[in-house]
Amino acid sequence: MKETEVRFLSRPKLKSPIVIEGLPGIGLVGKIAADHLITQTKAKKFCELYSPFFPPQVITDDDGIVRLVKNDFYYFTDKGRSFIIIGGDFQGMSPESQYEISGKILDVLEHFKPKMIYTLGGLGTGKVPKEPKVYAATTSKKLIESHKKFGLTFKGRGGGGIFGASGLILGLGKLRGMDSVCLMGETVGHVVDAKAARILLEKLAKILDLKVDMKDLDKEAKETEKELQKIQKLQEEQAKALQMAVVNSTSDEDVMRYIR
Amino acid sequence: MKETEVRFLSRPKLKSPIVIEGLPGIGLVGKIAADHLITQTKAKKFCELYSPFFPPQVITDDDGIVRLVKNDFYYFTDKGRSFIIIGGDFQGMSPESQYEISGKILDVLEHFKPKMIYTLGGLGTGKVPKEPKVYAATTSKKLIESHKKFGLTFKGRGGGGIFGASGLILGLGKLRGMDSVCLMGETVGHVVDAKAARILLEKLAKILDLKVDMKDLDKEAKETEKELQKIQKLQEEQAKALQMAVVNSTSDEDVMRYIR
Amino acid sequence: MKETEVRFLSRPKLKSPIVIEGLPGIGLVGKIAADHLITQTKAKKFCELYSPFFPPQVITDDDGIVRLVKNDFYYFTDKGRSFIIIGGDFQGMSPESQYEISGKILDVLEHFKPKMIYTLGGLGTGKVPKEPKVYAATTSKKLIESHKKFGLTFKGRGGGGIFGASGLILGLGKLRGMDSVCLMGETVGHVVDAKAARILLEKLAKILDLKVDMKDLDKEAKETEKELQKIQKLQEEQAKALQMAVVNSTSDEDVMRYIR
Amino acid sequence: MKETEVRFLSRPKLKSPIVIEGLPGIGLVGKIAADHLITQTKAKKFCELYSPFFPPQVITDDDGIVRLVKNDFYYFTDKGRSFIIIGGDFQGMSPESQYEISGKILDVLEHFKPKMIYTLGGLGTGKVPKEPKVYAATTSKKLIESHKKFGLTFKGRGGGGIFGASGLILGLGKLRGMDSVCLMGETVGHVVDAKAARILLEKLAKILDLKVDMKDLDKEAKETEKELQKIQKLQEEQAKALQMAVVNSTSDEDVMRYIR
């Protein structure tokens, strides 16, 4: 596998869907929100995206059955409207793969001529916010106008950047003439922040006029966190275990550094 | 050489072979097991895989004759059954090359329509196990059922990842509809673990109904370890020796860091 | 997006234009000079260059509207002569992308058959210069002769290198038979140096017989610096915030280091 | 420029030439030897190799005229025999580019159907050798036999690796059926070693029955070293100077580390 690959499981007919993206990022805020929405709306997976720019690993479930890491596309309908949700395990590992994978995501979305794209993320401030705000950025002035009434904070970022898929989907989509809004839950960062995810999802639900039961979100977030810690511990042990495993790996790297 | 290249030395006719992969990884457990099996079964090499994503080096034998680093495919037959063993010097150096090389390995295997693939590795726990277990992961529930009787530990990994070829061959193979099982010998890690390799190979021999003489395995592992240390020492000296060797190499890197 | 992409906004007719390049580099000297020249000449943007080798981010303006990071081509005319100015947010992040992007810039320029190319940069010496000099390097002896009268310092670099776009545009352009001169304002480095930019731009204006009002340059440079610090602070917070955000990212890297 | 490019300046007719490669490596031993041989034989350049995997820089001569970094092919004749010498500024910066560039070098050489290839390098031992040996490695037993009489040390490397072009040209050339010998001057490493280069070149001259005046070699090596230090100092200053130069470069990298 040398290129990012998209595999359709089905070809749903969706009329001008509204897209919601929530991949792992700051405080896992966007991912937790998107994953909860997938569960609550019983959204159905129709497409998988694999990439050599994700970590080279499989994930094992509790039974011991493996699958490649990936991004997933789901859809659901509500009050005659179509929605697509994008979730997944990872974002691209190298800077340039971020461009490639966001481009492939837009390729999939373009098939469906989406009405609007919302990307979800966290805005890390380094401080624990008392009342976490929802920050926003968009592709056009018109969208600022139409979203002002929802109590979003557009000001105050002073030219700051938005990194990864949540930013690039806006930027690359804009070049294709696609409208989109990035919503970022204010968070301290450093920790998985289910509270920021909740506030972010409540805001999104209000904007989209969706009913989302929030009561399991905190529990789910806690489970996510626990599972992450378990994996992380295992992987740290693996990392240590690998140190002596491969012939001269460290030395090779040092050598390369100097051959350059 | 810009791409991974496969060179067939011969085209053996193998009917639905069983494949065993053992490349360098945690504690060298998988590699030691596979190398010993190659020796004991007098398996014959039929294919070599070269890649620009292996370290840019040749290996010198005791006489002073060089060869590129590579992965190798061997075959042998036993009781009317065909087997392929995959061994080698290195795995791919970059994350994305892991995907490419595992994909190329599957390309070779697909020619032979393998009945089953076993990938061998180590599971590092950071603790010296009293009675090392053999952990397992598979591509389907059916395979868990058919392998339960061999005393494998499928449970307890809690969604953990399997890195490198031993994982990706399962994950990428699954997308191609290929059945496979990953067997991992429990090991402390950090050190070359011939004991874990022995227990792993005994388990594999039982599963495959193969007779494998284990008596030289410890000796071979010790020699492997000694040789590795010798190479590592040489390479550390080379690394030091290279520090001043190349025009401004270090500065260039620093400069690049800041041009970005 | 897998390749660097060039988007023309218009196709101006320019007769043998003189090109001025000023992308971010040492002390931001070249960028400040080029940006000021764009403002003062009311140059008009006609082309944008996007690349997956720029950082994977969008930049938000004060209103909250995003755009991808990019390089830009402007043009203006003066006394019957045509000029192109190249500015932008970033240079390529990886060494090889520097070659690719400089090559794409030359592809655009070749359309217009430029008479001459001037690349602008800083020459960091580690010392605060009393009277900053303007250093120069060129593609031919003839150009040294024709530029001597402008008080440039061609001597004293003793075979030193010029890194990034300002150097590669000369080197790659030379292979295409294009004439060019690199002008470097002497600067301590480490800090944004509007003074060096001013001296550099004054020299360029003299060479090109252009009238450029310098009075806002210091003010603009100060604003640039303030904005950079604001963004940098925000991004440092984001960086911290991201530390715990993504599943096992750090461990993955460590693991990869040893799989190699 | 996305690919390594070869530019022929002329197309000399060479009958089964003997090739000598000496690119920068450990102690600059191979480069010093090859450069001295180029000077002494008045070899003529006929081919240049450019690559985006060399550092993204131009080199300025004392006059202030720039050129891209590159590798060069020279030829000369002696007693009716043809010789090609390969020298240059750098080797490829990334591991995989080492494979690509060595492959391109072999592409050029294959045109001429070379009789033999000698690659020159240093073997760093970390100790100052009293009487530096010349170590050797080859592609076949036959070549060991035919070279034994020259007092080379083939034994004692115990499976060690040879990194970079000097190794890969042997390894990749062997796959194309080309005969070659790698000669390595014993050196402490860390420092530019003209003495090792001299002993290496004397050995090569003996093997090839060439007369080479050695008297300027030490002087040349000293000048090389001085120049390197000058460039290195300049580049260190540039590196420092660049630290604050580019918008958020450091933070971006940190951010990317965590997005992964």
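Just so it is clear, A, B, C and D label the chains in written order, and each chain counts residues from 1 on its own.
FYI, a residue touches a chain if its C-beta (ideal position, glycine included) is under 8 Å from a C-beta of that chain, and two chains touch if they have at least 3 such contacts.
Please read these numbers as outputs of a predicted model, since none were measured by experiment.
> Quote the value, from 0 to 180 degrees and to the nearest 5, of the angle by which the CA atoms of chain A must be rotated to coincide with those of chain C.
So the copies are related by a turn of 90 degrees.
> Would you mind checking which chain's C-alpha centre is most distant from the centre of chain A?
D
> How far is the middle of chain A from the middle of chain B, if each middle is the mean of its Cα atoms, in Å?
Each chain's C-alpha centroid was found; their separation is 33 Å.
> Using mean C-alpha positions as chain centres, tell me how far chain B is from chain C in Å, no decimals.
47
> Considering chain A alone, which of its residues make contact with at least two other chains?
Residues 25, 55-57, 90-95, 98, 161, 163-164, 231, 235, 238, 242-243, 245-246, 248, 252, 255-256, 259-260 of chain A each touch two or more of the other chains.
> For the complex, give me every residue of chain D touching chain B.
24-28, 55-57, 89-93, 95-96, 98-100, 102-103, 122-126, 136-141, 144, 154-155, 157-164, 167-168, 170-172, 174-175, 182, 187-192, 228, 231-232, 235-236, 238-239, 242-243, 245-246, 249-250, 252-253
> Given the complex with chain B, which residues does chain A contribute to the contact?
1-2, 7, 50, 52-53, 55-69, 93-94, 97, 227, 230-231, 234-235, 237-238, 240-248, 251-252, 254-260
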